[in-house]
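Labels run A, B, C, D, E, F and G following the written order; every chain starts at residue 1.
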Amino acid sequence: MQHGVRRVVLDVLKLRDPPLPELAMRLSSIPNIDGVNISLVEIDQNTESVKIAIEGSNINIEKIQKLMKDYGAVIHSIDEVVVGKKMVTI
Amino acid sequence: MQHGVRRVVLDVLKLRDPPLPELAMRLSSIPNIDGVNISLVEIDQNTESVKIAIEGSNINIEKIQKLMKDYGAVIHSIDEVVVGKKMVTI
Amino acid sequence: MQHGVRRVVLDVLKLRDPPLPELAMRLSSIPNIDGVNISLVEIDQNTESVKIAIEGSNINIEKIQKLMKDYGAVIHSIDEVVVGKKMVTI
Amino acid sequence: MQHGVRRVVLDVLKLRDPPLPELAMRLSSIPNIDGVNISLVEIDQNTESVKIAIEGSNINIEKIQKLMKDYGAVIHSIDEVVVGKKMVTI
Amino acid sequence: MQHGVRRVVLDVLKLRDPPLPELAMRLSSIPNIDGVNISLVEIDQNTESVKIAIEGSNINIEKIQKLMKDYGAVIHSIDEVVVGKKMVTI
Amino acid sequence: MQHGVRRVVLDVLKLRDPPLPELAMRLSSIPNIDGVNISLVEIDQNTESVKIAIEGSNINIEKIQKLMKDYGAVIHSIDEVVVGKKMVTI
Amino acid sequence: MQHGVRRVVLDVLKLRDPPLPELAMRLSSIPNIDGVNISLVEIDQNTESVKIAIEGSNINIEKIQKLMKDYGAVIHSIDEVVVGKKMVTI
């Protein structure tokens, strides 16, 4: 069985700009992505910590990483990955 | 895939006036919005902190921001944004 | 879209009289109201703090406010308002 | 809309006698009552504190109050009342 | 309406013997009982505290009490009773 | 009504060997057992504490006890037993 | 009844490399596996602690253990195993 990545949750530090809706829109325009949720964790002067959950089929992590980099956002860690035809939870 | 913003949660500081029902009614009259929930977080002498959750399809954030400004309300932060055909949760 | 208020939650200080069932019955007789839940928060000598949740379609808040006033009840705050065709939660 | 009381929760102090099953049976024999739940909160030498939840349609609160009195039980407070065609929760 | 007791939860102190499966089997053989759950709360040298939940229709509490007594088990309290056609929860 | 034991939860101290998958496989090969869940509670040098939940119909507890003994595992206590046609919860 | 292992949860210490998506992809390519969830627990300089939940039918634990070893990952413990036709929970 090989269905590729279906869900990934990222811990990200980003600049205040772009605002969350714009970043979410851009992420959702990557192929194979069905939905994006960005939730604010903490706000600082110039940066904000966010959790980004992305769901789809066969998600291309590198395209996500590249897009984040283009926006000056740093992926601190990948907090969760789900792969396969069944959406397994811990 | 591009479905625009489906859900946004705002952290807002507003004057006591307009009251929540009026503000919610006004927000819900913006095109593409299917529902609005305003929940009180804290009350002060002249202001109140509220969380505003707005759901719809292809929500126009700028129209929301403009309407808030017209009412003298300040958006402290966008706490959550959901984009895409799937309503992803963290 | 304009569906009016579908749900409102009130934080209310009322006299011990009328008892909760009578107040709930009276509130539910206001047009467009489908259901009323009154839950006790705290009891004092002559007063009681209650949360009142009212659901319906196109709820007329002023009629609720007037009825509360007629019963000598004070609405401390509107804690939650939901408007629109979708029952959005925070 | 007028559907009468659908659910009421009582905070009651009762003597050890009658036991809970007997009291619940008696309450359930009042007309319009579909179900009764009595849950023990605290036991004392001669008394017990209980929560009594009663559901039905058009529940006659006075009949409940009378029955409780006949059994020497004291209703400390009505903790929750639900009225209307929709079972609203807080 | 009169449907008799549908659910009862007992707080019981029993000897280590009979073991829980045997006691549960015996309780379930009383007429009108659809299911029995015995959960361990605390173990002592010779005794154990258990919660016993029994569901059925028109449950005969006295038969339960007699069976418990025959096994040398003491019912400390009846913690919950549900009566009627609707399984009401607090 | 007599449906025998449908669910039993055991608190067990076992040696590190056999590993959980082997023990679970062996338990599931006992007749009438539909499923087994073994969850680790604590690990020591040579032993591990586990909770074992077993579901089926008419479960033969003695066969379980014998198998555990054969593996050098000690059943500290039976934490939960469910009997009857209805899966009752506390 | 014998359905083999349906779910296993592992507590694993791994090097930062390979990243979680690659490891999850590799695990999901083992035969009989329907889904894999890897969730980050803690990050250190060179290592990360993760929980890995794997679901399927008749899962071959040894193949998982071998793959982990090939990646220099250490299985600290098997935290949960589910076997049988019914997905039993504790």
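Heads up, the rule we're going with is that contacts are C-beta pairs under 8 Å (C-beta built on N, C-alpha and C of every residue); 3 or more make two chains touch, one makes a residue touch a chain.
Keep in mind that this is a model prediction, so the values were computed, not measured.
Path length between chain B and chain C in the touching-chain graph (shortest route): 1.
The centroid of the Cα atoms in chain D and the matching centroid in chain E are 23 Å apart. Chain centres here are Cα means. That of chain E falls 41 Å from that of chain G.
In chain A, there is no position where the chain touches two or more neighbouring chains simultaneously.
All chains join into a single ring; listed from chain A onward through chain G, they run A, G, F, E, D, C, B. Only residues 9, 19-21, 24-25, 27-29, 31, 33-40, 43, 48, 51, 53-56 of chain G touch chain A when the two sit together in their complex. Residues of chain F that touch chain E in their complex: 1-5, 8, 61, 77-90.
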